[in-house]
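Right after this note come the structures.
After this come two complexes, each holding chain A, first together with chain B and then together with chain C.
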Partner chain A sequence: MDPFLLEALLNGVLLGGVFALPVLGLNLVFGVVDVVWLCYAELVMVGMYAVWFLHVQMGWPLALAFVTCLPILAALGLLLHLLVVRPLLAAPPINQVLATGGVLFVLQGAATLVFSTDFRSLGVEMPPMELGEVFVSGTKLAAFVAALLGAAALWAFLKFTYVGTAIRAIARDREVMPLMGVDPKRIYLIASAVGGGLAGLAACLLVVQLDVHPFVGLSFGPITFMICVMGGLGNMLGGFLAAFLMGLIVSTGGFWWNTEMSYVVAFLFFILVIFLRPQGLFAR
Partner chain B sequence: MRINGTTTRRDLVRAGAAAGLAATVPAQARAQGARVDPLRVGVMTDLSGPFAGAGSQPLFWGAEVAIEMFNERGGVDGRQIQAVTADSQSRTETAINEAERLLGQERVEVVTGIYSSAHAVPLAQRFEQARKIMWITSAIATAVVKDKNFRYVFRPTVHSEQYGEGSVSMIHEHAQAKLGMPPERVKLAVIYEDGPYGTGVASAIEANAKSRNMPIVLKEAYSASAPDLSTLVTKLRRERPDVVLQVGYNPDITLFLRQAKSGGLRFRMMIGHGAGWSQIDRLSETFGADVNHFCNVDPAGTQMLDWTKLGPGVSDLAKAFVERFQAKHRLRDLPPHASMGFNNTWIFLNDVLAPAVRKTGGMAADALREAALAVDIPVGGTIQGYGVKFHPPGHPMAGQNERSIAVVMQFEDAKAKVIWPTAIAGGPPVLPLPPTHSFALRS
Partner chain C sequence: MSGLLPLAAAVAALAAVPLLSPPDYVMHLLITALLTALAGTGWAMMGRFGLVSFGHGAFLGVSAYTMALLWNFFGLSPWIGVPIGVVAAAGAGALLGYPCFRLRVVGHYFALVTLAAGEIVRILVTALREYTGGSLGMTPNQAPPDAAFAAMQFSKAGFWWVALAAWAVGLLAWRLLDRSMSSKALVAIAEDEDAASSIGIQVTREKLKVTLISAALAGLAGALTAQYRMYLNPESLAGLGISLQIVFGAIAGGMYSPIGPTIGALITIGLEESLRIGFGTEFTGAAAFSYGILLVLFMLFLPRGIAGLLERRQRPAARARSAAAGAVPAAQPPG
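Right, the complex of A and B next:
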């Protein structure tokens, strides 16, 4: 096999791992609360700034900055739910989308005012793995492994804990579960905190790969939403698989044609999916 | 825009910019303002969004210093310059809306600035239609003015065809002596952002390489906001270019360099072409020694030039600008955009606005246009070394400064020095990258 094609395929898989975490977080929140957090990529941006600030400005060890980022983002997820989403739960979906879209601009503007438009770098890099002609980025590989571990932890939480079971149950039928003793308000709060925490984990993985700036969400936000829709909004396994599919389409499209064309192919595929399976590629 | 008394993000940025510029007007002049109408000049740059960090912010700062110093020196016979600022937010639609506001509500006769070629292309049409002056201080795509025969659009700075000539000529000139191979064997790869700026410079590189029989092994565009460029790195490794030429903003440049390093890409030289590549301070902060000896094409930052070779009074102006800018912003090395913002704004104020006001008593766009077409500054007459004379209407490049000069500079310990054209170079280039360099080819 052409080693460069093999490298492109590996790049696609690793890229899918990077997309997967924000997709899981977004799907979790949508599946449970039934509200799209349009500002999800900006939450990730806040997490990236948190890691950068704690590590570079405050001199904290990187691992400690990572660990601290998760509860900060979980709290932010909670706040977002309490201050913006909960008051609009009964409102038409367009109001909810506009409200979380407004938060997107607030977060971008706040980051601009606090951190300016400068690009901030963590200055962390890991040596690449060299397998003959094939190079694998150490940073991306570590991020990929962390993404898989994060996804596995989320799966275990949803599968084996009482709260996780309640979350899944609410996601399946939000009308009936309150009659069976599940408090949806509490579940919404927990799902929002976990969704925020996943944004924090995604921030930890992205901050070692991308510079932080107030508009970094534009780099991966739109594609994250596209993957969610492609996998089926609210369908976590579908979103997870769609993330890898998208990573491979972008990567091999770039290899066989060119980088620009790879996104054209990805968007064409997305449009095709929307036409043929509007409920999502992996919806049951 | 103000809705129900609330302040929007745009208001905040605009207010901050306006406050900064208002503070530049001396107290005496402010007092006089009640008696003498100020001369209102639109200044549009990207103060937020990705372009701000890729050179538009220092472009604005440079313009700010120019207006400040011009006002301190008395303005135009006591009439002060009042900047009417606009933040185009790195978005073309915002740039168009802000231009409409400046022309329609603020009723300015001229707008200076314009960082991005993607903004400049539609704006130029609008200004021409409105018969108001668009004075471009940064956007460099040749396509902005070529074959358009604009009468109200002026660009004192360089254009993209000169970038391609600079990088390719430098390699061609030094290939045999420095790389030990004839230029026809030096393999080039061109990667570029897919807007008018990247496309324009990439086409110029291709045309220049073709005319010199230098092979291009890969020419590929990408979106400046792409989240991943690792496959592009893989393809570059497959093609094994000697020289990689990149045209980008930011964060695509940092993303590419990071992924190039982790992807094992190596080459004899990397040459950037302005925009994000001209933010030397930031690149050095992010990559340290990894960007040492990389090259960049852009108009020279004034601090890179030998001021003794500039015209009478110009070196004093350059010195005053550098001191003022450094005192305000404390960068290790001034990005070329700071000089571009200052120089091209100063040319407008000193050589276009002042004569037009003195001649007509006002600053109507047609008077400014007439004054602009009469500008005749010899080489060495501006702080960036180039002269100014605009191609007249009817010329394929009408409105473009025919005396603009792009240079190739090389980074060394977070500073840039000019290495091409050889006549004004501060020394020979380091070529190829030294063997100890992270990106140097392995022997």
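Right, the complex of A and C next:
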């Protein structure tokens, strides 16, 4: 096979791993709380700034900055739920989405005011690795492995813990679960914190590959939403698979054509999927 | 047609504004406000029936770039180019709307499909940089002074009248829609699509109709904005950013009242200018920050916008009645 195509395919899989984490986080929040966080990519942006600030400005070791980033973002997820989402739980879905859209502007604006619009780079690069005929960026490979570990940890949490079981149950039927003694308010809080934490993990993986600037969220936010919808909103496994599908489309599109057009192809593919299978590609 | 009288009177009064010879800066703000109001009015035509679009930037962009490319490459005057751009925007609306409505893409899914469409237009404009100038933007060619009018390049006063006429067209369209059976049908559809279709409402057709009107008005706003500024770039005419700004204006002003988006445009422009003066170079961040805070506050405390507030002030009796009936004041049509 053409080594360049092979490289594109490999990069697609790696890219899919990067998309997967925010997709899982969004799906978790949507599945449980039934609200789309339109500002999810901006939460990731805040996390990227947190890592950059702690590592570059404060001189913390990178690992410590990563570990600190997760609780910060989990707290931010909680705050978002308490201040914005909870008061709107009974409002029409559109009002909820627009309010989180407002938070998108708040976070972008705050980042611009605090850090200016300069591009900030972490300046970490791992040596490329040779796999057979192709070279792979070591950073991307490490991020991919970390993303898979994060996804596996989330799966184990949902599958094997009591709280995780309650979260899955609420996602399936939010009327009956309160009758079974599960307090939905508490579950919403936990899901929001975990959703925020996943944004934090995604931030750690992205900050080593992308420069941070206040509008960086716009570069991967829209495609994240589309992947979620393609996999079926709230469907974790569907979203996970769709992330890799979209990663492959983007990277092979870049191989055949160019990066910009590959995103156009990916978005058109998304619209087509919605028309053909509105409930998501992997809906049962 | 008694309701038309206030509109005609308002337009006549506003048409006299340039005669007061206000400073250029004020004129500029007023023209920008009118065109922003037009885009918001277009958005709210759909938004108030629960058809929330996050991609209206796409219609601004399609129309503006159609017009500007026709002028720069074929020398076609914007007097013809703007209508063609509006038709192109409506066509884009049909292209997007028909399959969506036919295949019952609603709610979150519809919002996200429109978001994708807005991004597609933004990326296409950027990618076709040989013609559109990409993200650096493009400038319509300057016409020679004697042909300026034919090329729709005139003074601030002239543009004020054009923008005023376009704005009035938007309000007129709103009124005509409200007086037609379509608005009743759309309210029913927003309430319950299946029930509406079971009583013989043609859901797809009604939704498509309002989408075409909405896209056309947004397209008109986009083309005129580009022509007025004599500058186009993908960020300000397509994509998620501008689409959300349109939504913000319409929501803040109030999307259930015809005058709401206009109030919203005045708020947006006023806010933007005072922040520009207050914050100087840090203006962009401060503007986004305040938009965001306001949008959240509006959603939390005033989902019907400023116009909704006025509505309630005006009709305390109606409020008392609804309160007596146990209804929530300012109840939202579900959407």
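The definition used in the following text is that the second predicted complex is superposed on the first by the 281 of 284 C-alpha atoms of A that agree within 3 Å, B and C clash if a C-alpha of one lies under 4 Å from a C-alpha of the other, contacts with A are read in each partner's own complex, and residues count from 1 in each chain.
Going forward, a contact is a pair of C-beta atoms (placed from the backbone, for glycine too) under 8 Å apart; a residue touches a chain by one contact, two chains touch by 3 or more.
Predicted model, so just to flag it, every value in this text is computed and none were measured.
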{"item": "Fit or clash - chain C, chain B, common chain A", "value": "clash"}
{"item": "First (chain B), second (chain C), both or neither touched by A:237", "value": "neither"}
{"item": "Partner chain in contact with A:218 - chain B first, chain C second, else both or neither", "value": "both"}
{"item": "Chain B versus chain C as contact partner of A:118, first or second or both or neither", "value": "first"}
{"item": "Chain B versus chain C as contact partner of A:56, first or second or both or neither", "value": "neither"}
{"item": "Contacts of A:142 with chain B and chain C, given as first, second, both or neither", "value": "neither"}
{"item": "A:169 touches, of chain B and chain C: first, second, both or neither?", "value": "neither"}
{"item": "Chain B versus chain C as contact partner of A:189, first or second or both or neither", "value": "neither"}
{"item": "Partner chain(s) touched by A:250 [first = chain B, second = chain C, both, neither]", "value": "first"}
{"item": "Which superposed partner A:271 touches (first chain B, second chain C, both, neither)", "value": "second"}
{"item": "Colliding region between chain C and chain B, picked from 2-10, 56-64, 380-388 or 416-424 after the shared-chain fit", "value": "2-10"}
{"item": "Set of chain A residues, in rising order, touched by both chain B and chain C", "value": "105-106, 108-109, 112-113, 117, 214, 218, 258, 260, 263"}
{"item": "Footprint of chain C on chain A - complex, ascending", "value": "36, 84, 87-88, 91-99, 101-113, 116-117, 214, 218, 221-222, 225-226, 229, 233, 258, 260-261, 263-264, 267-268, 270-271, 274-275, 278"}
{"item": "Sites on chain C touched by chain A in the complex", "value": "47, 50, 52, 54, 99-100, 103-105, 107-109, 111-113, 115-117, 119-120, 123-124, 126-127, 239-241, 244, 247-248, 251, 282, 284-296, 298-300, 303, 332, 334-335"}
{"item": "Complex contacts: residues of chain A adjacent to chain B", "value": "4, 7-8, 11-12, 14-15, 18, 105-106, 108-109, 112-113, 117-119, 121, 123, 125-126, 128, 130, 135, 137-140, 209-211, 213-216, 218-220, 223, 250-252, 254-255, 258-260, 262-263"}
{"item": "Residues on chain B engaged by chain A in the complex (per definition of touch)", "value": "9, 12-13, 47-50, 52-53, 57, 90, 194, 220-223, 225-232, 234-235, 237-238, 250-251, 254-255, 258-259, 261-264, 282, 285-286"}
